[in-house]
Amino acid sequence: MNTSYNQVAGQSVERLAALSDGIFGVAMTLLLLELRVPAKELIRSESDLRRALVMLAPQLLVYLMSFLTLGIFWVGQQTQLNHLRGSERHLTWIHLAFLFLVTLMPFSTRLLTGFITYRTALVAYWANLFLLGALLYLSWGRATRAGMVKSDTPPKVVDAICRRIWTAQAFYAFGASLCVLHPYWSIGFIVFMQLYYAIAPRYEPGQQKGVA
Amino acid sequence: MNTSYNQVAGQSVERLAALSDGIFGVAMTLLLLELRVPAKELIRSESDLRRALVMLAPQLLVYLMSFLTLGIFWVGQQTQLNHLRGSERHLTWIHLAFLFLVTLMPFSTRLLTGFITYRTALVAYWANLFLLGALLYLSWGRATRAGMVKSDTPPKVVDAICRRIWTAQAFYAFGASLCVLHPYWSIGFIVFMQLYYAIAPRYEPGQQKGVA
Amino acid sequence: MNTSYNQVAGQSVERLAALSDGIFGVAMTLLLLELRVPAKELIRSESDLRRALVMLAPQLLVYLMSFLTLGIFWVGQQTQLNHLRGSERHLTWIHLAFLFLVTLMPFSTRLLTGFITYRTALVAYWANLFLLGALLYLSWGRATRAGMVKSDTPPKVVDAICRRIWTAQAFYAFGASLCVLHPYWSIGFIVFMQLYYAIAPRYEPGQQKGVA
Amino acid sequence: MNTSYNQVAGQSVERLAALSDGIFGVAMTLLLLELRVPAKELIRSESDLRRALVMLAPQLLVYLMSFLTLGIFWVGQQTQLNHLRGSERHLTWIHLAFLFLVTLMPFSTRLLTGFITYRTALVAYWANLFLLGALLYLSWGRATRAGMVKSDTPPKVVDAICRRIWTAQAFYAFGASLCVLHPYWSIGFIVFMQLYYAIAPRYEPGQQKGVA
């Protein structure tokens, strides 16, 4: 019926990238909007304020974790889009579903900071991470099948993008499962693993030239 | 009087696209900002929290519906802009009016989640959808008349874009009219219809090559 | 001392455009964030809700006015940037000052909706409009003097951009001065004038070809 | 292990610029979201409202300072990105860390407006500025070492970018140290210094041509 519209809808990978940058930008900034300044009534001296700020540390750690998460998925999505020659409506909708989960992250983060000792909150947070990864995986599969990947992309890059998602999801699942001990173990493990990924100590600038 | 300014104002379709991505990005992320974490006082155990999260399901469904709506209209607007060779002030202002209605969506959504059993809330929500569609229709008419559509756009694409708006609006109007039974019927129908559109089960990747 | 840095800083007109679209996009969407859904306790029937929505009309009119204002200034700034071949640090900082006033608009709007019968609120609102116009005027002056305007821009376009700012500011000042009668007169006049500008009934598509 | 992914991840300097514009745009607009309209109950006459607006002046000064800060760092980051031929994952993550600190700025600003006479609040604010500068410095070092700087960038530009960060940080540190007298001295000094930088009275348009 509306096949013809479907054939021309959502073909701009630049618009998709711009909307993604908008949504990631808002979501990343909103995370910290919930970081409340200490109540004025409770602060009577410099040391009160210092103590109140130190008390914000666990919350700040969760925000850092969510920012790292969004950063990692932003890099992951960017890497895919950089290798696309265009888009089509199915691919666009997979990315819109991915972006819906990005807009859920501030909620999952508020839930976790509010109920940091509850396994339920941690499992909900992990479900968000899992679904983000699943959609990124679906998106890459779709892009490959629909012939949207640039023709000069080496096959090992196509594989590396898939493998990276599997590895990360395995670590997230292991991290989440640590909540049978205590949610703090999960949070600690995930933050450590994400910082390790972000800093990537074993990655050397010289290797760069090999591919690009 | 200020004709000369009107002749040079608002000619950049890239700027229009960038502003639209900004506004859609913020509106899509703000939808879920209103999704409140359960109050700490009411949660004493893991099962309390699980129950509270389950209770958020109807709200989450409305947010999903609004995100789908914004996604559908974003794809619709993108598809139009992709086929424009430039813009001019009338067209720019039609799109600004369209964007005003986009910024109304978080309000209409809050209204519907707050008064989910009220027909008035549903009719207000539908009016928002209807006006979004009407402006998209006006915009395409204006673009065609003002000679802003790229010259290599096949006539059947021009028609498909119009027809798609009519079809969607007919479904929205039917969905809204179901509220004489109960607003839940309207919401259910609209969500189902939007998911069907987003997933587009009958659309095959092979057909893609025929046009692009 | 840091002359050399000043010579290379802030030269990208694309980045300036992108930041502007971001700030305008957020400011335009935040305007309506303050539009509060009626309190649940006060609504017991469909007619209660209908009446509560009708009561929101004056607020909605102010939001529409602010959206129109931001739209007009966005078109105005876009038109300038479209004619620039690049930027330099002074010009960039004039635009950053302009964007600061854009971020003030949601505050001025909240002030006016909260104190709609107060002349002080209207004068503060008008001061915001006036400063926005003044900076746009300064920016165009600076761009001309610093040789940043594209060399193929006809002199009458350069003049039209200046003249347009003067005309609009004269109307805004007249509109604001009507508050000696009552702030409603000011609001009514400004909304009418802005709608007239946005719709531009005397501007015909055929005239377009004359310039571009 | 995932070396191959690291070699292709995060290479788009355009996406980095777009995300930065999104985050800066949201952060700059959110600063003023916290500027509260006077409470209706306290305002009974025009002069009450005028007095209440005058009382907002110190808060507005802090917001102006934060907007200037974000503007300065936005120009600083833009200047770096304008001279890059591409990005790579380490550089991208340094900028993501920089953007995390940008999202902290609205919090630091709320803290300072809430506790404007507390040294602790001022030191926290300064720490935010210091870390923003440190990451910008790291980013430029990394870009130089990884060979990401455009080959036609003159060495004196590379030096000017470094020197500018050192100079600014020295002034910020001196300004912050003035809080041993009173936080107002720090705020006054930093605002004055930033306005001086933004207006750059000694920078002449003619010098521009020397470099570009």
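In this document, chain identifiers A, B, C and D correspond to the written order of the chains, with residue numbering beginning at 1 in each.
Definition applied: a residue touches a chain if its C-beta (ideal position, glycine included) is under 8 Å from a C-beta of that chain, and two chains touch if they have at least 3 such contacts.
From a predicted model like this one, the values you see are computed outputs, not experimental measurements.
Asks: For chain A superposed on chain B via Cα atoms, how large is the rotation, as a multiple of 5°?
Replies: Between chain A and chain B, the superposition angle is 90 degrees.
Asks: Determine whether chain C and chain D, two copies of the same sequence, contact each other through the same residue numbers or different ones, counting it as same when over half of the numbers at the interface appear on both sides.
Replies: Different: fewer than half of the residue numbers at the chain C-chain D interface appear in both copies.
Asks: Could you pull out the chain whose C-alpha mean position is farthest off from that of chain A?
Replies: C
Asks: Averaging only over C-alpha atoms, locate the centres of chain B and chain C and give their separation in whole Å.
Replies: 25
Asks: How many angstrom lie between the CA centroids of chain B and chain D, rounded to a whole number?
Replies: 35
Asks: If a residue has to touch 2 or more other chains to count, which residues of chain C qualify?
Replies: 18, 21-22, 25-26, 30
Asks: In their complex, what parts of chain C are in touch with chain D?
Replies: 1-12, 15, 18-19, 21-23, 25-27, 30, 86, 88-90, 92-93, 96-97, 99-100, 103-104, 106-107, 110-111, 114-115, 118-121, 124, 145-147
Asks: Could you list, by residue number, the parts of chain A that touch chain D in their complex?
Replies: Against chain D, the touching part of chain A is residues 17-18, 21-22, 24-26, 28-33, 35, 37-38, 40, 43, 46, 49-50, 53, 64, 67, 71, 74-76, 78-79, 81-83, 156-157, 159-161, 163-164, 167, 198-200, 202-203, 205, 207-208, 210-212.
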